[in-house]
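After this come two complexes, each holding subunit A, first together with subunit B and then together with subunit C.
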Partner chain A sequence: MSEFTIFNVSASGMTAQRLRLDVIASNIANSETTRTERGGPYRRRVPIFAEHLLDKSRTSAVKVVRIEEDPSPFRLVYDPSHPDADENGYVSYPNVNVLREMVDLINAQRSYEANVSAFNVTKSMINSALQIGRG
Partner chain B sequence: MIDGISGVGPSNVQKLQQDKTLRKAPDFAEILKEAFDKVNQVQKNAEQMASDFALGKISNIHEVIIEAEKATIALRLTTEVRNRIVEAYREIMRMQL
Partner chain C sequence: MFNTNFQTLKVAMDVAMLRQSVHSQNIANAETPNYRRKYVVFEELLKEASRIRLATTHERHIPSSQSLPQAKVEVDKQVFYRNDQNGVDVDYEVTQMVANGLRYEVLARLMSKNIEYYNTVLRGV
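This part shows the complex of A and B:
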């Protein structure tokens, strides 16, 4: 329904931020994971957002095209007692910086709130339009 | 009828002009019925979303809330239009002949 396009745009923004939050939560949870199904430590994941043009309108929503892995190198920590240490005694920890993830977390939260605000403004504009001629 | 709420861009103006020249004005009852059907559909969507959420099919709460908001706004819009038109009708009926 075309009259609700703007709501769908806001909804897509919220969905994208929710997914980003999921990815960040996964990164934080796995910030010390040294074993994965594919072998090696966990790699930091990053969601990729893309513009999603909506039919018959000039507005565009957002969609998550895929979740990619951060190619940056792993964190090496010297700990020969660790079972996953290599022959030199170094353990590869995931390339997740928890501090950075926390910043991203707040970013995602604020973006979500911004989308909610956009939604609320749209709604209050429609409600004001319904009040035309009532005063 | 509900389409009136989307911004008054050039496309809408064009549509209005087209409507004027090409099509004869449809029956009021028809318009109202169409609008009610639309509102009904939106309400059904919202209901479906709510039950899907309860069943655990949807993990995004905002989708349910937004669908419910759409339903509320559509209903308000339709009742508002109905009220205005019924008022106009009453005005005509009160006319002294």
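This part shows the complex of A and C:
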């Protein structure tokens, strides 16, 4: 294990959490989107985290392996005047719960901060090792 | 010619750095499903190693060498806090990490002091 691998581990954590923030942001931005490129309303996206082994499998970093779609059903709202309403007058809105996204957002932010503090502690440890013998 | 502090402190600092690596890995994987927390075992091994020692009942007996044990990284397979089988408690990891970082700084300072003693002798008081 090299001391500098620890930086890569914390960096991988930060990258993963930032990607998660991006996904949450796109979920919130599209929480009312009824039309997408593929047709139909927007589906909530979820990043899938997985352990990523560095250093001959002895050090576990993290990475986002996929961004998957939440298969839960769309939110149906009765609004016959809406252009995207079906024959019964219901509009399918994305399966995004903004409240849940906000909670996730705070979680991602805290996790990001934890990685930042890990990075800072590693940095100050290496710094104090560099100060050895300098009086 | 040199005292054993250099060796002892080096081992202690290596263990602290290994601990830092493990804390970083746990924090990075705090949201990874099925990830189990890792931890470093060293003090227990040290206690074990210093307990088993050859008896020296004669002044010409060779004392058993004070070889220091190798720190081991273990995986805690028992504990998990969440439904996705993740076993990391971020608060615990962060507090332990900060404490470990401070311990490392103490060790680095001790190492500096140890060097200073030699400098004092070399320069002549």
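Just so we're on the same page, the second predicted complex is superposed on the first by the 127 of 135 C-alpha atoms of A that agree within 3 Å, B and C clash if a C-alpha of one lies under 4 Å from a C-alpha of the other, contacts with A are read in each partner's own complex, and residues count from 1 in each chain.
Simple rule for what comes next: a residue touches a chain if its C-beta (ideal position, glycine included) is under 8 Å from a C-beta of that chain, and two chains touch if they have at least 3 such contacts.
Note that the coordinates shown come from a computational prediction; the quantities given were computed from them, not determined experimentally.
In the superposition on chain A, A:Thr5 makes contact with both subunit B and subunit C.
Of the two partner chains, subunit C is the only one that A:Ser111 touches; subunit B does not reach it.
Once chain A of one complex is fitted onto chain A of the other, the partner contacts of A:Ala129 extend to both subunit B and subunit C. Between subunit B and subunit C, it is C that contacts the larger number of residues in subunit A. Contact with neither subunit B nor subunit C is seen for A:Glu87 once the two complexes are overlaid on the shared chain. In the superposition on chain A, contact is made by A:Ala50 with subunit C only, not with subunit B. Of the two partner chains placed by the overlay, neither subunit B nor subunit C lies in contact with A:Glu37.
Subunit A uses residues 1, 3, 5, 10, 119, 129, 133 to touch subunit B in one structure and subunit C in the other.
Remark: subunit A residues 1-5, 7, 10-11, 14-15, 18, 116, 119, 123, 126-127, 129-130, 133 touch subunit B in the complex.
Those residues of subunit C whose C-beta lies close enough to touch subunit A in the complex are 13, 16-18, 20-21, 23-25, 27-35, 38, 73, 90, 93-94, 97-98, 100-101, 104-105, 108-109, 111-112, 115-116.
Residues 1, 3, 5-6, 9-10, 12-13, 16-17, 20, 49-51, 58-62, 107, 110-111, 114-115, 117-119, 121-122, 124-125, 128-129, 131-135 of subunit A touch subunit C in their complex. Of all the residues in subunit B, the ones that touch subunit A in their complex are 2-3, 5-6, 38, 42, 60, 62-63, 66, 69-70, 73, 76-77, 80, 84.
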